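I've put the structures underneath this note.
Across the two complexes that follow, subunit A remains constant while its partner is subunit B and subsequently subunit C.
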Partner chain A sequence: MTTVAAEPNRGSAVSEKRAPAASPSIMTPRQVVGRIGFYTVIALATAFFALPMLWLLSTPFDDTPGLSISVPDLTLNNFRDLLDNPYALGSLVNSIVLAVGTALLVVVFAALASYSLSRVKIPGRDMLLYALLLLSSIVTGTAAMVPIFLMMFELGLIDSQIGVIMVLSGGLLPAAIFILKDFVDTIPKSYEESARVFGASSFQILRHIVVPVIRPGLATIAVWTVVNVWGNFLVPFILLRDTDKQPAAVLMRTFYTEGGAPNLALISTFSLLYSIPVVLMYLFVSRKYGFRFHGGIKS
Partner chain B sequence: MAEIELVGLSKVYPGDVRAVDSLDLKIPDHEFFALLGPSGCGKTTLLRTIAGLEAVTEGQVRIGGEDVTGLPPGKRDLAMVFQDYALFPHMTVVDNIAYPLRVKGQPKDERRKTASEAGDELSLGGLMERRPSELSGGQQQRVALARAVACRPRVFLFDEPLSNLDARLRLEARSFLKKLQKELGVTTVFVTHDQAEALAMADRIAVMDKGKIRQVGTPKEVFQRPANTFVANFIGSTPMNLLPGVAAGDVVQIAGQELPLPDEVRDSVADGQDVVFGARPEYLVFSPSEAPDSLHGVVTVVENLGTAALVTLEAEGLSVAVTVPEGEEPELGDKGWVTTTPGRVLIYAAEDGELVGSKVPATTAA
Partner chain C sequence: MAQTTSPATEAAPGEPDGSAPGPASNSEGGDQVDGGETDVVGLGKWRASAFVAPALVLVAIFLVFPALWTLYIGITNYRLTGIAARAPEFVGFDNYTRAIGDANFLNSLWLTLIFVLFSAVIGQNVLGFALAWRLQDVQGWVKGMVQSLVLLAWILPSSIVAFLWIALLDRDSGTLNAMLGTPGLAWLIEYPMVSIIVFNIWRGTAFSMLLYSAALASVPPSQLETATLVGASRWQTLRDVVFPHVRGHVLTNTLLISLWTFNDFTPFLITAGGPNGRTETLPVYIYNTAITGGEMGYGAAVSLIMLLINLVIAMFYLRLLRERR
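Up next, the complex of A and B:
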């Protein structure tokens, strides 16, 4: 009984003590200035990131597109101009082909590789993974562009979308394997052993158990690959000669007027179309699977 | 249904760790067999070797008279239930149970029907469309069992099947598992570190230590006549009293006191031989007044066991535990005398810790 009676007393004592500090009405001038400064910085930072977005949303519908943001004189003429361009829509299709192709290749190979790397013990496995991760940034980077070009030339894969997909996959795979291995590592061994006792082959275990369990990881990898390929300029720019095959990111650089000035009407409109598929895919995948960058099993 | 036979089986890990050491064992058809031992004794490795999840270093595994040493787990026609049940989290209960049949290539409708029947047998009727994460521990265990039952194997292997259940559920699951095994009649090997579980469930028990089997026998044999001091120490909910002494004629001298040497071993023990006098606390009798042929000491600990109390007496560096019925517990500091029950005293050779005399309990031998 005594403890029950004591509880409320102690509770009120605590709230009394806390009350002055928690109340916003009593702030020192110093706190007020600090608060104002804080919000000013936040507002400036927000504006810095928001302005390009606003430009992207408003300029395509502006009759006189410029580099400043203004209330647009609404028009859809820019879109008509864009449709008149013989390569615009085709390049978006090319982008999709490259992105989807690379994503498929990366997901399939990363799933196989991460499963085996997670389950087979080889000496220096972690070193190998780190080395791959380090080197991968070179493969798709500028440094290795000349040897890669020569290699693709020897293989007869210049001006071929398959060649681009292969190079991009090679560059993205190590990081994908690295992320996926973490997912596979969290699958208890007993799952696989149980399946093995029932007679499942390694391939069946991968298909029936590992892949379904790491599905959020696979979705993350797929989206991450698509985003990477979608924004990649250098590799397709160098490996693809034919304008018909070039993806959106490469084609955009051709949008100049005869006078040599950037054609802002085309660029802004095209940029808007170019960003929509990525945003849509992000929303879809995030709703369906949720993004996770680490493994783990809910049980 | 099949018997299991292990011939000279060894499993050596890198670094010359002998997890299983040239082991011979025969488990007859329909038997419920327990592998019992402390953690790290190699019991789980042995089970996994029978399953084929561990490669054999030396020796043979035979199931149903057929050498399966080189066969992969899936070709041995056995089912294993893992300690964590290993239910697939992305499949419903019915799909989990049907998984072995899916691997065997049975059509979907057929295997779901078989799975539902196996589920009903284990009273999982209303839970078939749930995910494992939506089940309680006991239900998960039954799903794992149903999955093993559904594929109608020749052999069941259970790895610590009850250790993930809480105490009360464990008791229920114990009788349930025993009943299920008797109904199905499938040869079953289960691993446990809990001696009470092994005694309660198994037809026969193998007590293991350091990769070797220290004793194989029925629960009764193992409990009443542990073959060596290791088994004596390991079996029983209260540890057996193991008192070092010296044989001298008709008696064993223990820390300056004397207890009678049992008649049945008198011929096997030499005068002056170092022995270990073994007696379970349950088989000793406590007396608050002086008694003939007894050890005496001062009560230092009284532990309540519910229907009885475990009393520890101490005298000259000697410590003896004895159970005392409810209501007769002595006070701390009281003097007490302990006498033995005839036929319930075991003498071990101090040299190797092996039991002196017959290995068969007197009751079954008679």
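Up next, the complex of A and C:
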């Protein structure tokens, strides 16, 4: 997610600033102390951020999984607990269903809307965009959980995955439209114009010119949606009561709230499996498209 | 939820090339943004509107309607079970007067304020800026490692990070107690607020770090050199050269992270509001009273207060964006 475009600029500044300190012969005692202090700060920050996550790396492979971090006696037995749990793998499938379903809905609807909003001056467009942006920031999952829960309850959509997908899509669409419209705005109209000159119909242009050109934007939105839904706890938590339908985020709670002691073998292996997709997706996107930061990856 | 037009776009323009023959000249893009659009594909207003419609319908049903409906539910005694479930009655502003007089609600509001102030406005902001500032001078794997760790804390699903912190802070075999030599200290019971504040700093610093990294890259190197030449100290450079350039970003960042932290439900996964409501921030309070307790009317009244606070923060933010443009 590092902003690639900014790098060269910063690099030159750094090399110049660093030049005096680079040769050790002219480092004053004060600079030495400064360096030591600097690396102490970096080390502390690293420890702070790494410490909680070490558990996730060591415990899944530990013969005697505990709450503390220890050098594991390597084993893969813990993964048997994962396979033995009747809901664990199913919940990951549920997470995939919710994530893919929402991503499809969001990508298709946001693409249609943002393209039109970018290219056609529909009356009241600017007002609409402003309202969308405002809405998506104020009507958050937590602030709207009561009416949403009640609405789905009255509609009989509790325990419906489609219901969850629609609620999540409604929440993500405004931001998605915004990000995507920004993206379409930067694409010159000349592609479409020349296709039109050659007599292509509207839908031919959309299918063969526009879609390929905005594909990176669509991919960004898709990944952004998937990551959001993958980690979302609240919406499926209040709308899905049936264990068979719950995604990983919700099911995980049952591993340690019911039946007294937490099943650490299960929690650790499950967490590892559940976290891998987001990490991979993040790596993929940051490598391929280099995250123009705007839009972020997470709401 | 919408970190769409963050100022970082200005700091880092330019599209990383996709497979398509790169989006060409900037001047052309600039024209379009200012409403010079022509309907190149020949969609026409009607078809264009039809394209926008599906998205708008979903947004209307699942975002606009719930927000408006909150107004109505909030003035009824709507309950999930019992008589009031079948025929909710109007109770006027009873729910609101009850909230204002309710010690639990006021406590929750106060805790939320503390939570936002210390974990977002101060914690994430300062740590994010400090990391961005210090890491500027670092190249290579150290920088990559620190940034990846900070980002990882941000992108992992909340259910997982919540458990990681429960394990870290555990009374009997938590790693923190082992490291500090304080066996038997139940952090989540003795210092519940401090725990979730530190947790949230850990969880959310990545955004501030990224935003400030981009902002700092926009400080002209020549000004930094001049500052070094005239012998300005690090602190003086920061205050007189760097800060004027990033002031706007500080405000934007603070508003955004405050909004998100205010609406964050993750503390629920760690403490569920306990012990004895000592970490019951507003989102958790709403969940506990409305969804668990079934008091929909009262929950909606509190939700409306939340929506209004969100509205105020968001208006500030959007206004800031407009001025910038």
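Of note:
Keep this in mind: the second predicted complex is superposed on the first by the 236 of 299 C-alpha atoms of A that agree within 3 Å, B and C clash if a C-alpha of one lies under 4 Å from a C-alpha of the other, contacts with A are read in each partner's own complex, and residues count from 1 in each chain.
The rule we apply is simple: contacts are C-beta pairs under 8 Å (C-beta built on N, C-alpha and C of every residue); 3 or more make two chains touch, one makes a residue touch a chain.
Fair warning: this is a prediction, and the values are worked out from it, not measured in the lab.
In the superposition on chain A, A:Arg196 makes contact with both subunit B and subunit C. Within the superposed three-chain model, A:His208 lies in touch with subunit B and out of touch with subunit C [touch as defined at top].
Shared-chain residue A:Ala143: touches subunit C; no touch with subunit B.
In the superposed pair of complexes, A:Thr28 makes contact with neither subunit B nor subunit C.
Within the superposed three-chain arrangement, the count of touched residues of subunit A is higher for C, of the candidates subunit B and subunit C. Judged by the touch definition given at the top, the superposed model places A:Pro188 against both subunit B and subunit C.
Looking at the shared chain after the overlay, A:Ile238 reaches subunit C, while subunit B stays out of its contact range.
Within subunit A, the residues touching subunit B in one complex and subunit C in the other are 188, 190, 193, 196, 212-213, 215, 297-299. Interface residues of subunit B, counted against subunit A in their complex, comprise 51-53, 72-75, 78-80, 82-84, 86, 88-91, 99-100, 102-104, 132-133, 151, 157. Note for the complex: subunit A touches subunit B at residues 188, 190-191, 193-201, 204, 208-209, 212-213, 215, 297-299.
Only residues 1-7, 9-14, 16-18, 38, 41-42, 45-46, 48-56, 66-69, 105, 108-110, 112-113, 115-123, 130, 132-151, 153, 166-167, 169-175, 177-179, 182, 185-190, 192-193, 196, 202, 205-206, 210, 212-213, 215-216, 227, 230-231, 233-234, 238, 248-250, 252-253, 256, 267, 271, 274-275, 278-279, 282, 289-290, 292-299 of subunit A touch subunit C when the two sit together in their complex.
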